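Below is one structure; the comments refer to it alone.
The first chain written gets the first letter, and so on, giving A, B and C; residue counts start at 1 in each chain.
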Amino acid sequence: MRAFAALLRRDIVLSFRSGGGAGLGAGFFVLIIVLAPLGLGPEQSLLQSAAPGLIWIAALLATLLGLERVIEPDLQDGTLDLLRLSSLPLELVVLAKVVAHWLTNGLVICLLAPLVAPILFLKPQALWVLALSLLLGTPGLSFIGTAGAALSAGVRRGGMLLALIVLPLNIPALIFGASAVSAIQRGGDPTQALLLLAALSLIAAVIASLAGAAALRLNED
Amino acid sequence: MLHYANPQHFLSLARRLTPWLLGAALLLLAVGVYLALFVAPPDYQQGEASRIMYVHVPAAWMSMFVYGCMAAASVAAFVFKHPLGDVAAKAAAPAGAVFTALALVTGMLWGKPMWGAWWVWDARLTSVLILFFLYIAYIALWDAIEEPARAARMARILCLVGAVNIPIIHFSVDWWNTLHQGSTVFRMDGPKMPVSMLTPLLIMAIAYTVLFAGLLLVRMRTEILARRLRTLRLNLEGAPA
Amino acid sequence: MRVAAENVGCVRGDRLVFRGLNFDVESGQALLLTGPNGSGKTTLLRVIAGLLAATIGRLRFLNDDRSALSDEAHDQALHFVSHGDAVRSALSVKETLRFHADVLGAEGARVAGAMKEWGIDRLNDQPGALLSAGQRRRVSLARLSLQLRPLWLLDEPLVALDRNARARLHDCCAQHRARGGLIVAASHEPFLEDAKMLDLGSHA
């Protein structure tokens, strides 16, 4: 457990200190949301109905941003060897990486989203559903993303490959997340979508821990 | 069966089987296309355009079937650590991607007279599109990793992750579709179809499957031989002068 | 402890790296791997570390009572200092070694001593980005002093080290062997006294 805590702490510290970390993902997220009215026009009803989807797409892309730095540097500089030789199971190595990525990326997005959503005229009663949907959904994005990072580590054009692997797998999260927010905005019930989103994150946790650990173990063998 | 797990035995078996499979596929395709174009009646609602179905539906089936084969091969490679599993999965992927692309393109061609648009966000088409992305990601992963053994191990994992996710993606897309569209625009009534339409459809499906088997063997042979060549060349270069 | 290889061979990416390797190293002994670039010194070290599987042959790790080590005990019994120095530019020397100590399961209190031993105690809060190649090397060698482990695997440990650090490494290795430790090192220079030699160039 000490190794787990140490890895978690180190990854968080690293993502705050070096580029490509916490601030960058958040900034990118806000930027996409600010760009949307410039592309779509300032019409309130259009932006309002597009807001749930736009915000979720922004979250999807912003999550992608830091992933390239999650596994790749450790593979390059030999830290991964140390981790593989440590008593910490690789599933927990993956978990520590996921938690660090989520805390510095997904969580920040969850907190920012309700603040910037009014730019797109999202209805006030939808704000808490938006925050909740992101809170339930972004851990799944971090899990799938970290597994993708483990699969594409040590590969040329790794970033491109990472996006290609991760984005299709995250489509269900996009669907349920955006639907939940749309539903409440249109006066419907977001419960079902939110529950499905939570289930999705749980499934992602299981699949990604196994796949990520297998990828780290088999990356060289 | 174990006998043919040996690459050498497999190569000779594949060499002998390939012409038969490809020949049978051509024959079945010819019969299927003839029945589909000249014998089967036009659909009373959709008219002649419905004949695209005989190309489209089997291609859509194959897009799923091939991924299933790849997943099975990947599991075999994981469990038995047999290189033929990886080779089979790698060889199947481009064929699967082509079937998927064929399903998409014919789906669009069919959509134009049916819905009056080249593309409609129909649940089935959308799922097939996402499946196509999964194929592309799988092929790209093989392509990006230079060392074949390592690429094989990573591709196995990705293939299985994809296989677990396909039902989830299907479910979510269906859910999304019913949410936004209410009722599906077009629904194919499988069992209620008359025999004169069902027969060519089944023949085409069998033809596709046999064609896939033939192409798979050709590609697996090529892959095995290419790897051997690579090994020979590497060891030649690596040998002390 | 004892490490014995029987007819070990390794194929990497379809290329035969080496084959027919036999060696036997016991407590207090050292094995020096030599051979031209690309002859598989690093590969062999990774195989011994358990990071790579040997394609053929067998490696045996035995306790002093001749019983075999479990996989877990094997991982806990070795230090691996590879080309990758595991020094991240945004972390200070102290933070890096604390992290290494936590991952190894070593006492955190030993970090200061290890830094002193390797002459990097003045670099305490220096971020990795500002370290020279030799200093980074010292940081990764300082791992050896964080925890007593019987088997040291050193990949080109002399690279970038100045005369002081070389002397330091030399003394450390001698001490380690006197304590009953084993060393397997890849190097182009014979820096270990009366070490067994293994020329990988002749095993392709």
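The rule we apply is simple: a contact is a pair of C-beta atoms (placed from the backbone, for glycine too) under 8 Å apart; a residue touches a chain by one contact, two chains touch by 3 or more.
Computed from a predicted structure; not experimentally measured.
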Between the pairs B-C and A-C, the one where more C-beta pairs touch: A-C
Most widely separated chain from subunit A, with each centre as the mean of CA atoms: C
Cα-centroid distance, subunit A relative to subunit B, in whole angstrom: 31
Distance from the mean Cα position of subunit C to that of subunit B, given in whole angstrom: 48
Centre distance in Å when subunit A and subunit C are each reduced to the mean of their C-alpha atoms: 37
Of all residues in subunit A, the ones touching two or more other chains: 220-221
Per-residue overlap in subunit C, given as positions that touch at least 2 other chains: none
Contacts with 2+ other chains: residues of subunit B: 146, 150
Touch list for subunit C against partner subunit A, complex: 46, 49-53, 72, 75-76, 78, 80, 82-91, 95, 98-100, 102-105, 140
Contacting residues of subunit C [partner subunit B, same complex]: 12-16, 38, 201, 204
Subunit C-touching residues of subunit B, taken from the complex the two chains share: 146-150, 227, 230-231, 234-235, 238-240
Of all residues in subunit A, those that touch subunit B in their complex: 147, 151-152, 154-158, 161, 164-165, 167-169, 171-172, 175-176, 179, 196, 200, 203, 207-208, 211, 214-215, 218-221
Subunit C-touching residues of subunit A, taken from the complex the two chains share: 2-3, 5-7, 10, 13-14, 17-18, 73, 76-79, 81-88, 220-221
